[in-house]
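Next up: some structures, all given as structure tokens.
What follows is a pair of complexes built around chain A, which joins chain B in one and chain C in the other.
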Partner chain A sequence: MPALPPANAANYSARETARRTRLLRVLLPALSLALVLLAIAWLNPRAISYFGFSLMLNLAIPIALATIAQMFVITGNELDLSIGTFVGFVGCVTATWLRDAPLLGIAVLLGSIAVYALLGALIYLRNLPSIVVTLGMSFVWQGLAILVLPKPGGKAPDWLMAITGFKPPFVPFPIIAALLIAAVVHFGLMRTSYGAVLRGSGGNPAAIGRAGWSLLRTKMVLFGMAGVFGVLSGMTLIGITTSADANIGNGYTLLAIAGVILGGGEFMGGRVSPVGAVIGALTLALAASPLLTFMRVPPDWQVAANGAILIIVLAARVLISRREA
Partner chain B sequence: MERARALLAKPWIWSFVGAFIVWAATVAFTGGHGGGGMITAALALAVFMVIVGIGQMFVITLGPGNIDLSLPANIGLASAVAMKVMDGSDSMLAIGLMAALASGFAVGTANYLLIRALRIPPIIATLSAAFIIQSIDISYGRGLQIKPPPGFADFANLRYFGIPVLAILGIVLAIAAAIALNRTVYGRSVLAIGQNMRAAKLAGVKVHRTSFITYALCGTLGGLDGALLAAYFRGANVDIGNEYLLASIAVVVIGGTSVAGGKANVPGVWGAALFLVLLLTMLNTFGFSVGVRLVLTGLIIVGVITAAGGPRTER
Partner chain C sequence: MVDARTILVKLEGVEKHFGAVRALDGVDLNIFAGECVGLVGHNGAGKSTLMNILTGTLATGAGTISISGSVEDRYSVSRALALGIRCVFQELSLCPNLSVAENTRINHPSLKGIGWQRKAAALIAQKLDEIFPGHSIDPSDIVGDLSIGRRQMVEVARAFTVTDAPLDLVILDEPTSSLDSHTAGQLLDFVRRFVGSGKSCILISHLLGEVLGNADRIVVMRDGKVVAADRAAVFDRDKLVTSMGGAAAREKVAAEAAKGTREIGPICVKARPARQRDDMQLVARSGEIIGLAGLAGNGQTDLLLAIFEAAGGSRSGIEVTAPLALVAGDRQSDGIFPQWSIARNIGIRSIERMVRGMLISSRREAELASRWQERIKIRTPDMNNNILSLSGGNQQKALFARALGSDARIILMDDPMRGVDIGTKLDVYDLIREEADSGRTFLWYTTETEELDNCDHVYVFHGGRIVANLSRDELTEEKVIQSSFDEAV
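Right after this comes the complex of A and B.
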């Protein structure tokens, strides 16, 4: 039996390595989440329980939804610096009008989604830098939030608190919700033909345009979806916290960007991953406080942990990509 | 006539026109009172935006994706460092100022190392750095209640004939930045990298060195801003730089610098900073509530950028 010629063998093993590094890269977000979970389990085994997860992941769902919103915008090679204040605005509307005058509340929330879609149109038609437009809009949403709710307060509608307070058997609600969000968005963006067009509008807009798809429409759909998930994020946030504050969502803008990138998304080229984004958001939410409280990290340094985790994960990704290249 | 038309064709002229219109509207509202005082106050406040705006301008000019999100944390840390080193005594003024600049330079260098060594996109690199710097600042500056040395505080509030000394410094800095941008190898390299990084590299531009200098420069200017803010507002504080993230980006873009990189505009930074400060003053004078003020500020920023239009040619 003749042995394989050496050149061929090298070729084969190179391909095999490339395949493995690609897989590693896809699994990296999940690996980092697993590492964080392991650290928690090691530091405090009792946290790995139904009650522990419900508590630790309490605020992960609004963060995951805001991250998905940001992901849609990044899919089209844009960036949304206003998603945090938008979530805050939605929160204020939810804690006031949606409870006291549901019809008005629903109309306002639908209207704000339409505003998002129109921003997409404006950015496309006038060829504007999205960073600046959304920067301006972040002032607008913040101002509107203060006008709706000048002082912290308000109360979430009862039906909303019933949904976010739901306690399913065996698996904690935040985990089910995360799986559901990841599955729905993954199907919509990665498995449907229009999802491929949306991603293509970020990857190669000229080709999508020549193939007869309206780039105006893709931009409006991407921003509209960001609005939809921003609204969901604000509503679940208020369902959990039960009352609102105009500044409640401000930290979400940067967390959402970090979550998308942590989940394997890239700023250019329509390369995003909904499942990765949800995992990235969960990792950040978990790492941000529960882990550090267990590790007795003083509160002063908890913000730094978010930065350190981002740097470590991205550095790991570079090491893997270097092998890929 | 020719000269007037050439002047109108300059992109930065519009931010000054906008600033003037806003000023005139406010003076008309108050019936001619306080027009001069308003300019004095605006000049002083605009300087803080100009200093970080110039740093951000060089970074943004490096091309798509380049942006420094660590400025607010950087400013906060530098303000604490300056106050702690000076410890309220005028004799330590120069050393404290140097310490603040060094703190900013270190932040800029850290940003660059993250971008270069770990190949992290600048947005995420500076964002992660910001998280860490913020923690350092919270821990280092806890309960810090040191007042700036009297000489430093007086200097920051000093004015001659209604013109703040800080504004004069800001103008000198802008002129220096304009010369650096248009007349030095470094500045031309920044522009070349922003226009086409590959071409710049092939033409022998030292890409890595130029972007290191740029991030370090932006960090150092952030440090300077932190020290001056602490002197002006008589004390350091973790949140002292918070508004300067949005402000630094806004003055750069409204001032006519291209977000896509490769095209920078120094006078526009001054015009846009004056415009923003006067705009806030106007909305204050009109007696609007905080909410309305924020909404109008946002709408005006979006309106200005829409009217100015994006780049005509695709990158």
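Right after this comes the complex of A and C.
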């Protein structure tokens, strides 16, 4: 019998196709970002400048952080419908207690991360659908936010505004921050050895359990990380806007989900990409407001136009990945 | 002589009940160091439950487990791993979204820190080279991109990798079910070397020849008990089948198949593989059982799927003249609806016939289900139970019932008998012959050469093309293998 079965040739080419498909899926978020940037450059060339990017991407960082938070939850085949109101709650705490009573503020924020981890434990131990639990939690966070800050107002701590207002030379701050977030999370989730276990818990939980890993722990870590990035998102949001409102983060829930999917993630199977998620969030942030303003869409219609863009972009992604598959 | 050797694992009076079902009913089993134990029995005989207990994924109901002489009263997955007991599970335990190297890391907590990816890649590559020379799997390949056979190779190789935990016993549950005969041979050779170095192995297989040829000792289970255990040399095929409680041996298959004087009707399928360069094509007449053979992953499944799609619309090179149904090979991902009952899983292909007004008649659904429960012998107290309550073989029977209970005249089978016990197989073979007699056509891809005995003629595939068309009289294993490796086409 020949040492090397000739069957390998056929399998090899099949594997090459799979590899190419995956490469395309990885490049897709970058392509959509480039497309939005091109449209903006065509409509308003002056926007492509240090100052233009600083303005346009101003709110992209909190969105990127919320998207990363959502991505951790999706890694474990769950969905977080409360991230938006959670960001709002963190914002309210940041604009009040964190400034007036820093110790209390820090304690509350750390406590809210612990609550997130416990939600993960609850979902795992009672085998509850995460959609139900987090939908319920979204009202809890909203209610707490209103308790903390009944009327829009408050003020961000000065040190926080100093950080978010930082103006580095040559490259706008939001771009540096986006690169940093993408790099840190990519390393943590895609390169570390425990990151592989976390992603595996979405790919084949039974296999992870059989190898002796605690699925309770992976679920708690994934939800806990969502809490961490949710807190970071709320804090940067307040640093940028300088004051808070209980409803400030409500739109983030769907933006975050869309950002993960646009970035090449999938709802099931632990297939996510931190770099893609950040790019997805940037694309959505740009497509949301600056692009529409340059297209002279009246503000009344911007929210609806926003939704339409979301549908078009996501549909394009589905179409392309299906044709390749 | 037996008593002089070290006992690695000793099970005494192990019991496990699931509700009213006694999966294990007092099992005593010894595994000695340096032996390969073959474990055989029908699906549902308790083999998988026993292995789950040995690997710590299930707790025992009663009885004791002793490893290397000490009784383990708090046995768990991590305890089993620490004691050097590993298992290759029948349904694969790889994460499809991770690379081969990352999947290796999952099993080795010590692979961490700087450079863990390089270490994991080297570890698995070295083991793959050792077991399956010429495998062409790269540690950076994403497992989901690999064919099912390659995934099984990775899973097997991973079980034999060693870092800091010891490795004394590897349980192989149907390890060759998705491998072609070449790679299966490589694996079995490796198992002999592994056992020769003083380690132990439990080989669970429905391929009795594989067990007879490779095990030192054979343990037969039936109805949750060990009913026979002796040196392999004492057994032959017939004796094994008899002690398993099997109805008949393979000779019966061949005899039954040969005596058929079936009415062969008009042509109902003509298909040319997309990569075929000459004018060879697959032709099936109604009432025929056609085999698709060759090494795994050489275009057999692709052609079946192309035929399946051609029924819904036109496709160049393929003609289909009758309704068809597909019995999937990868039943977990392509076959069953895991949330549904057995009855609903069977009925889904025949929904048009069961509607009354706008609703599905639950009476007709139940009728269809109970008719097929009887015909194909699905072992369950209630067809309204969830499909996952069935053992693997019985799930596969339900999928056959789905196809055969429908109006399809052509049944496509994508290696459906993977990991199914011989009793189930014989039941299904009989049924296929009966159905062919009544004019149904079967296109049957199988990786088990023995199954080709059931076919009227066999197309051998290689590199996505048909390379040979053998009638039953010409059919031998050598001939199939020879054609599979024949490049000059």
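Simple rule for what comes next: the second predicted complex is superposed on the first by the 280 of 325 C-alpha atoms of A that agree within 3 Å, B and C clash if a C-alpha of one lies under 4 Å from a C-alpha of the other, contacts with A are read in each partner's own complex, and residues count from 1 in each chain.
Just so it is clear, a contact is a pair of C-beta atoms (placed from the backbone, for glycine too) under 8 Å apart; a residue touches a chain by one contact, two chains touch by 3 or more.
Here the structure is a predicted model, which is why all the values come from computation and not from measurement.
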item: Touching partner for A:303 - first (chain B), second (chain C), both, neither; value: first
item: First, second, both or neither for A:153, with chain B first and chain C second; value: neither
item: Which superposed partner A:204 touches (first chain B, second chain C, both, neither); value: second
item: Partner chain in contact with A:138 - chain B first, chain C second, else both or neither; value: first
item: First, second, both or neither for A:213, with chain B first and chain C second; value: second
item: Chain B versus chain C as contact partner of A:128, first or second or both or neither; value: first
item: First, second, both or neither for A:315, with chain B first and chain C second; value: first
item: Intersection of chain A interface sets (partners chain B, chain C); value: none
item: Chain B-facing residues of chain A, complex; value: 79, 81, 122, 126-129, 131-133, 135-147, 150, 254, 257-258, 261, 266-268, 298, 300-308, 310-311, 314-315, 318
item: Interface residues, chain C side, partner chain A - complex; value: 55, 57, 77-78, 81, 87, 89, 92-98, 102-103, 105-107, 109, 111-113, 116-117, 133-134, 136, 141-142, 145-147, 150, 180, 182-183, 295-299, 462-464, 481, 484-485, 487
item: Contact set on chain A toward chain C in their complex; value: 1-12, 14-15, 18-19, 22, 191-194, 196-197, 199-200, 202-204, 206-213, 269-271
item: Chain B to chain A touching residues, read off their complex; value: 64-65, 67, 69, 114, 118-121, 123-125, 127-132, 134-136, 138-139, 142, 246, 249-250, 253, 259-260, 289-302, 305-306, 309-312, 314
